[in-house]
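Right after this note come the structures.
Heads up, the next two complexes both have chain A, just with different partners, chain B and then chain C.
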Partner chain A sequence: MSEMISQAGLRQLLGDCIAAGTVVAGPTRIKPTLILYARLSSPDELLLEGFLRPDNSIKEFVFPKQEKLYGYRIRGNNIELTGRDAPVPSQVVVAARPCDAAALPILDRIFNWDFKDEFYNDRRTATTVVTLACNQHDESCFCTSVGLGPAAERGSDVMLFAHGHGDYEVRCVTDKGRALFHGKTQKSSMEGRADAGPEKRFDPAAVRKFVDRHFEDPFWKEHALTCIGCGTCAFTCPTCHCFDIVDAGPSAGNARYRIWDSCQFPMFTAHASGHNPRAGQPGRQRQRILHKFSIYPEKFGEILCTGCGNCTRNCPEGIGVLSVATEIDHE
Partner chain B sequence: MNNANANVYQPDLMEVTSVRRQTADVKSVSLRFIDPERARNFSFKVGQFGIFSAFGYGESTFNICSSSNWKDRIEFCFRKVGRVTEAMWKIEERDIVGFRGPYGNGYPMDVWKGHDLIFLGGGIAMPPIRCAVWYALENRADYGDITIVYGARTVADLVYVDELDEWAKHERVRVIRCVDPGGETPDWEGEIGFVPHVFERAQVKSKDPVVLVIGPPIMIKNTLPILDKMGVTPASVYTSIENRMKCGIGKCGRCNVGPIYVCKEGPVLTMEQLQSLPADY
Partner chain C sequence: MNDAKSFEPKIVAYVCNWCTYLGADLAGTTRLEYPTNVRIIRLPCTGRIDFNLIVKGFEIGADAVLVSGCHPGDCHYTAGNYHARRRWILFRELLDTLGFDLRRIHFTWISAAEGKKWQQVIAEITEQTRQLGPYTDLYANGSAKNSGKDLPGGAPAPFEFRTLPAEGLLRESCRKLLADATVKVVIGYGKRGPAMVTRPEDVDRLVWNNRCVSNLTAYLKRKEIRALGKPAVVVKPCDEKSLVVLEKESQIDRKDIHVIGMGCEGVGEPKCTFCTARTRRFADESLGEAAAPVAQTTPPPNRFAALMEMPPAQRMAFWAKQFDRCVKCYACRQVCPMCYCERCIVDKNQPIAIDPAPSTKGNFAWQIARAFHLAARCVGCGECSRACPAGIDLALLNIALHKAAQQNFNYDPGVDPAAEPVIGSYALQDKEDFIR
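On to the complex of A and B.
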């Protein structure tokens, strides 16, 4: 026996959440050709079928594009700190893909080694992730190459599996998930299905071995030739987490914010002296791969990539982790 | 202020107690904590850094260039080069600035005990050397002979000039000042030449010294062969590297050099450590 919920039941559940003041976010059509994870004002806005995956990731619900760290008031010589905004009470991210959900436990590590980041942790604790197992993949997907798959539970509180007639099998993974779906499911004899997933395309260990030994290598230059340094790869990546801290001055209410940043930008590493260790795009491309497959694993024991393929899919030049890693492994 | 202990990004407020113009574009600033309890409990290690901020403009990373023995204040020194330092250039006594820290590892002053100390610095690298020099002088019995070679492009670019004179008055301390060729004035009594060459000419005799060398990459590069000839191994040569930072607490990602976060495992590294890292600094 399994538990199931109808699509109408799911929308009802989400509608109740919204009515109770919980933030609900999920895939929704922003423009005719653009589907993103975004906050929903009504459960009817949730898009469950007919597309591969949103172009962004769910990281922005735990690590927003911009977040106020604290405000301040300037009065003559005097400064008064006015604190941060109230934490988000509770939020449900629904129809996340397994490759998005898996990013959260990976990000937990960077935001909690030594110094604990309360902004991230507050949002993370307040968030319930309801993941929809994948029923399709495209040529940019590579979750199976990084140890995940279309039904991977990592980072999810609940897994949903489509039955094929608008119903979903519900498999609760955590207490948070069980609490959300408690009393909302029915018994069923049907089992949901997930896609078999893409074939394995490369071995992350081979990528690490290469990047650890080829810091200076023409490979990086060749790969960066077409890169325009736009940072789209980082911004749509579920695991990229680099940020900047900037002041919004008097005209913007006097506050200090953290905002997303990317190792693909020239200013990212520019020293005050004018020296820049990564003066060109090859060094920046290398850093992105190095960080994902060597630096993060060295520090935190796992790679900084979930195989979602967003970097490749969204790159205006078609560069991405998949092509770089595959080429490295096949060399 | 809500939950002041939890927000790791929230700075302490510090009052500016003095500002000193060191050169045409370098100032040093002295600060004291507004919160008396924080002032009492604060401690740091020389070689650590802070994130200092001008409200309305932003944060910037500087070495805490005062000695950790000075309990009434901390000091930093900056060159006017960007948006935040332009704003800091205007600060005056009694203004309030933000401070987060101390961050990073600092100098292993305990490990250096019993050794002669050689400090080699170029230009704006004097502040991160200054804190260690004062610390060593204040714990004079713990350290052997102290040699300081400090150079800048021109006489007008030397910082903490009065303190160099003060250090030279101590026993077993040798201070050598130098300026790049062409940077001297008619009444210049110091050496003329680049720091590595001036250091080589000085023929410092020392057995098993600890060397702290901070300055432009070319200066460090040209110093290493000289130290090698003196028999100083890369494990005894320290530097402080200056990668761009934002958070200072190992999260924002920009100070990565190979496997290390400079803000956490640095900024103080031995040449032996530095040589094992990719050239990403």
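On to the complex of A and C.
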């Protein structure tokens, strides 16, 4: 026996959440050619079927692209600190992909290893992740190469599996998830299914071995030639988490903000002296791969990549972790 | 505060040191009374007034902005005001496209002898702005983000992938170029996207099909490519226009680049529907036939026309909603062949010129800067729109400026290599109808 919820029931549940003041976010069609995870104002906006995955990731709901850390007021000679953005009351991220949900435990470590980041943790605690297992993949997907898969539960509070006729099997993973779906499901004999997933494309251990031993290597130079140096890969990546802290003056409300940053920008490593240790794109490309397959694993014992393929799909010039890692492994 | 009687508008006036500032001074010394709503900011010359200042004026709470300088012919620096006039003609179009309230942006010529005119202008602007009320619509006030209406999208046209016959010719030609060391690198298309080929034995990595979208001339600015030596670059007829502009701006030396012009039948992008650049003019060699544009089953809706039909406030709400998705990845800048500054204005942080935050304000500021730096330079390759991971129709801003350059200066960037660029030059007879 399994638990199930109909699509109408799911939308009803989300509608109730929205009515109760909970922020609900999920895949929605922004324009004919673009689907993004975004905050939903009505459960009807939620898109559940007929697409591979949104072009962004769910990280923005726990680690927004811009977050006010504090404001300030200048009164005479005194500077008075004012509050941060109000914390989100509670939020549900629905129909996340397993590769998005799996990024959250990865981010948890980053925002808690030496310093407990209250902004991140507040949002994270307030968030319930309802993951929809994948029933398709494309040539950019590689979750199976990094130890995940179309039905991986990592980071999810609830797993949904499509039955194939509009109903979903519900498997609650955490208490948070059980609380959300409590009393909303029916018993069923049907079992939801997930896609078999993409074939394994490369071995992350081989990638690590290469990057650890080839810091200076013509490979990086050659590989980085087509990179144009934008931050699309990092900003649509579920696990990339680098940020910058900027001060906004009076015209932007006197505040200190945390904003997303990317290792692909020259400014990311520019020193005040004018020296830049990563002067060119080869070093920046290497950094991205190195961080994902060596630096993070060395510290936390796992890979900083969930195989979603967003970098490849969004890159204006078709580069991504998959192509680089595959090339490394096959060389 | 909102009723006309109690509302005192704030007006920021950017004036030149030599004429208007002295005119305002004269008004004072001759005891002419005028409203105290104006805050004067004195600058050397209107020709040096950065367009960002106009926007900044609104951001810091101005209800109207005035820019004023010497009459044509009177400029202390001979021609600063002529340059300014050209820029304002274009910049007004951009602000209009973004939905700024043009009734709040004023331009005048006021000489050192025209204290009386200064008095009149300030009195009139103050009264007019008082009637308009406070400028609360700026950037849709942050609240209207979700009320911004979208433009007609149109489903993507059916697309059938085809390898084109010139692929073999291209590979053969590149093999020769690399083998006899005419060039050191071929900037071409590969299976997944652009491909850089440096060895003759690798030319089979090059492809030529109807999905070769990228404008490869954007790679000519990249240090890593330049370090390799003389490049051959594969261009479609539309991409060739970028080369014309780049040469005009001394960014490339034509003889240091080998240009392989390809016949193109369209690459399935929106721009292809309106493409007129089917002939190859500047290539060192031309391969393949230029076919007729691929017929679209239904012509895509004219999004620009639909945008301009909206009232300004609605337009601004539209952009606020679009920019709300911007994550500031700068793909629009990086993919653009014309964005070649070594250090972009957004990367300047001492002091910060453009708010780096992906906030509504920061995003407007960035897109205004990006679009206007491309005024009368953008060749319309549409790469900015294609690259944007947030699906923002950035090219609409470039279209606005393109149209303005065509209508006002009969200039089409990248088409006629002999034509004088609009920005950086001026004509005494430049026409406008908004400077009083």
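Convention: the second predicted complex is superposed on the first by the 331 of 331 C-alpha atoms of A that agree within 3 Å, B and C clash if a C-alpha of one lies under 4 Å from a C-alpha of the other, contacts with A are read in each partner's own complex, and residues count from 1 in each chain.
Everything that follows uses one rule, which is that a contact is a pair of C-beta atoms (placed from the backbone, for glycine too) under 8 Å apart; a residue touches a chain by one contact, two chains touch by 3 or more.
Here the structure is a predicted model, which is why all the values come from computation and not from measurement.
**Q** For A:97 in the superposed arrangement: first (chain B), second (chain C), both or neither?
**A** neither
**Q** Based on the superposed arrangement, let me know which partner A:260 touches: chain B (first), chain C (second), both, or neither?
**A** So A:260 only meets chain C here.
**Q** So in the superposed three-chain picture, is A:171 touching just chain B, just chain C, both, or none of them (first/second/both/neither)?
**A** neither
**Q** Between chain B (first) and chain C (second), which, if any, makes contact with A:225: first, second, both or neither?
**A** second
**Q** With both complexes superposed on chain A, which partner does A:250 reach: first (chain B), second (chain C), both or neither?
**A** After superposition on chain A, A:250 lies in contact with both partners, chain B and chain C.
**Q** I'd like to know which partner A:154 touches here: chain B for first, chain C for second, both or neither.
**A** neither
**Q** Does chain B (first) or chain C (second) touch A:31, or do both, or does neither?
**A** In the superposition, A:31 contacts chain C only.
**Q** After the superposition on A, what does A:66 contact: first (chain B), second (chain C), both or neither?
**A** second
**Q** Hey, what residues of chain A end up touching chain B and chain C alike?
**A** Correct list for chain A: 244, 246, 249-250.
**Q** Would you mind writing out the residues of chain A in touch with chain C in their complex?
**A** Touch list, chain A to chain C: 30-34, 36, 41, 55-56, 65-66, 221-222, 224-226, 228-232, 234-236, 244, 246, 248-252, 257, 259-260, 262, 265-267, 280-282, 314-319, 323.
**Q** Where on chain B does chain A make contact in their complex?
**A** 1-3, 6-11, 13, 53, 55-59, 79, 81-82, 85, 94-96, 98, 216-217, 242-244, 246-247, 249-254, 256-259, 261, 264, 278-281
**Q** Under the touch definition given earlier, write down the residues of chain A that touch chain B in their complex.
**A** 69-70, 72, 74, 77-79, 81-84, 110-111, 113-119, 215-216, 241-247, 249-250, 254, 256, 258, 261, 263, 268-273, 275, 277-278, 283, 287, 290-291, 294-295, 298-299
**Q** Show which residues of chain C lie in contact with chain A when the two form their complex.
**A** So the residues of chain C touching chain A come out as 56, 59-60, 146, 150, 153-156, 192-196, 214, 218-219, 222-225, 325, 327-331, 333-335, 347, 352, 355-359, 361-362, 383, 386-387, 389-391.
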